[in-house]
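What follows is one structure encoded as structure tokens, with my remarks underneath.
Think of it as A, B, C and D in the order they're written, each chain with its own count starting at 1.
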Amino acid sequence: MAVRFALLGGGRIGKVHAKAIGGNPDAKLVAVADAMPQAAEAIATAYGAQVRSIDQIEAAGDIDAVAICTPTDTHADLIERFARAGKAIFCEKPVDLSVARVRQCLKTVEDTGATLMIGFNRRFDPHFRAVRRAIDEGRIGTVEMVQIVSRDPGPPPAGFIRSSGGIFRDMTIHDFDMARFLLGEEPDTVFATASVLVDPEIGRLGDFDSASVTLTTPSGKHCSISNSRRAAYGYDQRIEVHGSKGAVAAENQRPVSIEVATADGYVRPPLHDFFMTRYTEAYAAEIATLVAALKAGTKPSPTGADGLAALLLAEAALKSVAEGRAVKVAEISA
Amino acid sequence: MAVRFALLGGGRIGKVHAKAIGGNPDAKLVAVADAMPQAAEAIATAYGAQVRSIDQIEAAGDIDAVAICTPTDTHADLIERFARAGKAIFCEKPVDLSVARVRQCLKTVEDTGATLMIGFNRRFDPHFRAVRRAIDEGRIGTVEMVQIVSRDPGPPPAGFIRSSGGIFRDMTIHDFDMARFLLGEEPDTVFATASVLVDPEIGRLGDFDSASVTLTTPSGKHCSISNSRRAAYGYDQRIEVHGSKGAVAAENQRPVSIEVATADGYVRPPLHDFFMTRYTEAYAAEIATLVAALKAGTKPSPTGADGLAALLLAEAALKSVAEGRAVKVAEISA
Amino acid sequence: MAVRFALLGGGRIGKVHAKAIGGNPDAKLVAVADAMPQAAEAIATAYGAQVRSIDQIEAAGDIDAVAICTPTDTHADLIERFARAGKAIFCEKPVDLSVARVRQCLKTVEDTGATLMIGFNRRFDPHFRAVRRAIDEGRIGTVEMVQIVSRDPGPPPAGFIRSSGGIFRDMTIHDFDMARFLLGEEPDTVFATASVLVDPEIGRLGDFDSASVTLTTPSGKHCSISNSRRAAYGYDQRIEVHGSKGAVAAENQRPVSIEVATADGYVRPPLHDFFMTRYTEAYAAEIATLVAALKAGTKPSPTGADGLAALLLAEAALKSVAEGRAVKVAEISA
Amino acid sequence: MAVRFALLGGGRIGKVHAKAIGGNPDAKLVAVADAMPQAAEAIATAYGAQVRSIDQIEAAGDIDAVAICTPTDTHADLIERFARAGKAIFCEKPVDLSVARVRQCLKTVEDTGATLMIGFNRRFDPHFRAVRRAIDEGRIGTVEMVQIVSRDPGPPPAGFIRSSGGIFRDMTIHDFDMARFLLGEEPDTVFATASVLVDPEIGRLGDFDSASVTLTTPSGKHCSISNSRRAAYGYDQRIEVHGSKGAVAAENQRPVSIEVATADGYVRPPLHDFFMTRYTEAYAAEIATLVAALKAGTKPSPTGADGLAALLLAEAALKSVAEGRAVKVAEISA
């Protein structure tokens, strides 16, 4: 039987997940809630679902799982509420911008025995999974250094920045998760540098738009992360992992792969314009993983603990920028 | 309102089209017919359709269009029958292996005013479309020479070869269509060479597994086609077009784009294993084109005339191999 | 001791060979002859050589080998003269435009026991050699199909066309040699198509600027050659070889390998602008091969017979274009 | 008239420069000195030079310039000595491992008015030069972030490590120079992480084999450097520069560019095995730049001041590793 979903939040990322649920033969979108009735209505119509209030969804007997795609400051409350309601929960990152609140929320999840999966979509990208598989198969030997480039095509609007928690909690957090996914050892130290090179307004809001981060692990592995809110040529998402026997890299993806050669040179089109098109397959595989786990009665990954671990790295990065030094994750988690 | 489809034939290619119809928000798979009840049942269940006989589909008031995916020798009859029944028709290539029969069938289509679209899926591949768009935008100037490489991962079983009409009518026909799609001028001469290098059984059946074809147009443009029933590294599908100002090429596609570097060198994974995965997007776009045309009341392309034109090139190629000379298409169509 | 060379002809290709000789630690350029004293003088000064007449070179005791880089119609005479003079001979292709004259000349070479190496430079390109090595190592199994793309950046001046012998004897001849180098079996049939798409003046001179050729061998292997006198993006020189277990390809070379990514896409610079820069390493390796053979007392390859074999393919191609049919090489060589 | 060179030191890098001098039409290798007579003799023979003592070279009237390729601890003394002797000086990096000694030495160079060029060969690589040219032409807008990957194929022997000054002064120093060459603004802060992942012996000698460095400039530009003494797939040398309008990258170079495709995937050969083959063109262009400057009477670049600036970054990196914090270059240079 299909896993019956309710979607909480019908904004940009909500639509992405509605499509992933709608396209999964083992899942069904039953209900949609959004503060904006029109947004909910549009999705409900497209996927044959009903518009319902969050209260109705909480009380519903025909809902197995919720996908939380509402603003970040509602995540922890909704997780706790639906954990107590006995629904499986998929929640977009981050659980909360406050480490303490995340811990509290995860305690509730643990106490209720609820299933919680955090939306680190990149773990499900077929190319990045292939990178991980190459590592697991021993093709590059012991992992030594990871390099992640993650650049957005352009800066988000000021309104988004204001509630985003800043570049490390909003953007780099994905890279922190990938670092953990690929390093094979928990990073314990963070050094971060950040500046405002793209949009002065971002600086006025106390945030950064360009960041370079180095993570290290107890055994001396390194991970370098390079972030920018600007990449004129499209959504730049690359990973390479170096090990004792070699390296594995995932190249950028582009919508069409033609090349035009003229007297001016060889030209290939720009990359995907953003995450919705770049990670289409990843979002589908993410929901498929959750659905398969629910059907099998197992706990899907990444978990709430993964969400917390990535957030701790973000906090450490912020502290590192402020103090100009390498910060131990233990300083944050203490 | 959604275009209501019946699928005739639930084999390999039938499943591909069922998926394309099922995934199109403006289309609905209503009925499936297949000589093997289980095959029809499986598709019907997956897409919420009914199993019906061809007679029932012909008589049905809730069917707007049929997708003919049955064996080749039934195509022309079914086209004629559903043209008379007033249904829009999507038919897999080829219409028939006999030029005379194709002409007769197209006459019926014309007389009934029916809509007939032929399944030359490659025209809808986003990469090949981008090649065509680059040409149309004038980026390479006047087209001069087209080069097409099309190699299957491995030879089909003898049973398939027997009823396929041979390599030119079965396999090269796609390349003939692409040549017509890209040359911007109708080829009038065909020179073909063919041999048996892959599987002697194919030779015993009177067919070839390796072919090189040169098409020329009245103004002197060339198109070279290289075909083989063998490509150990996957489904090899490349096109390049040279013009007065430059060239445009579409590279091969592969399921994952990682690269592993070790002391042995840099290794990328093989290509897609065959057309079902390579042309997933093309099949979806093909059905979407038909659906959009039906909704707009226009005639979709490629048409029956395109199917005939490609078949004439295949016939000319066969004659060229037999006689060791360049054959005019006019010799065939006469 | 160094092999002592005299250079006959100080034009474009003469300078290329002077540089290759000058850069070889086991060779020395002793003398240069050219109808234009200034041309000879410039090369002599650059490499510490003397300007001499051809008669002086013929009679000289301090010359071991001559490099014939004079106009084509002097090649056969000079080969015969220096064969009789006991010098080792390197001669630019072709030996002559007449098959009969070539045969006669090679007879003299044979009778005198002279060493004759023909300047098919591409055999010495490190990338094409690596293609051949991959074949020899069995990495792609038995060779089945070869594809060669060879496109000049732009058409030569009319004066050159007039004495060139036409596209097949001047340009395709290199590809015929590569086909023989890579097929592992002598092609016995030629089908060629040619047209004038680039420069009408070339047509007025009775030549073609665009050609597509298919060679086949007795066992059914194919080689496709695509030629044009126009490639806006630079000197296009690609080879791919398909075998029973896979394929090997040599990509184009470019002077710098940067890529610039902007909102307009990813741009790489054009290819090398012509053979002098594209085949620098090949010319050096070619002379090195001759020098090594002379020091070892062995006969270098490609030989006069290779020059003749390629010319026969060119003749067959011309006949094929004229008659619109596949031509057996035996028809020409008879 | 050719610039007359003496080579001091005929080891690995000395041979590289001998070849560059020997191949330059405007330079001549006149003398070679080496503590090992056989080493000097071999080079002298190959290039028609004489073996001389350093004293003889210092006193010689037929020497315009010296190329210092002796062990690092002799560089500063030799620079001072030949500056006083009125010779132009090319010296391999670094001038000295001590900042104070470098300053003292550069003072002597300044006082004597001598010409001193430091061997940062990568500035002369045609690909990296093209990167710089793309920046200078404004193709990527204002530079924001530079990423440098520099990985040696394997660790050097312990004996080399012992006198090398450590990874930052020996290996990263090239990347520090490239950062300065490309950032367009002097980096003022260094954060470095380093560990021993490749060879424990390197750790026992107090050095590191893996390093990640972040440089920042006053305006907030970043440069990330990733170094390792291990890269199974060859000498890994990549640069990418991101600016306000786009990015420019230089790919790795490999000796042959074929690709073999089989059922196991697509395989390209490994990269160059080390700097001698990877940077052949760079070494030639470096000497050509010096020669051209000497003939024109101008001062070539990079200068002694460039050598000092890179060394200061190396010192700052060492301090950063020791103290786990971002270090201002001003702390070192004070």
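The definition used in the following text is that contacts are C-beta pairs under 8 Å (C-beta built on N, C-alpha and C of every residue); 3 or more make two chains touch, one makes a residue touch a chain.
Predicted, not measured: the structure shown is a model, and the values here were computed from it.
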Query raised in the report: Through how few touching steps can chain C be joined to chain D?
Result: 1
Query raised in the report: Which of the two pairs, A-B or B-D, is linked by more C-beta contacts?
Result: A-B
Query raised in the report: Of the other chains, whose C-alpha centre is the longest way from the centre of chain C?
Result: A
Query raised in the report: What whole-Å value do you get for the distance between chain A and chain B if each is reduced to the mean of its CA atoms?
Result: 40
Query raised in the report: At what distance in angstrom does the C-alpha mean of chain D lie from that of chain B?
Result: 57
Query raised in the report: Out of chain A, which residues touch more than one other chain, so two or more?
Result: 232-233, 245-247, 261-263, 269
Report task. Sort out for me which residues of chain C touch chain D in the complex. Result -> 23, 25, 46, 126-127, 129-131, 134, 139-140, 245-251, 253, 255-263, 269
Query raised in the report: How about chain D: which of its residues touch chain A in the complex?
Result: 144-145, 147, 149, 151, 189, 191, 193, 195-198, 210, 212, 214, 216, 219-222, 224, 226, 228, 230-233, 242, 244-247, 324-326
**Report entry** Contact set on chain A toward chain C in their complex
**Finding:** 232-233, 261-270
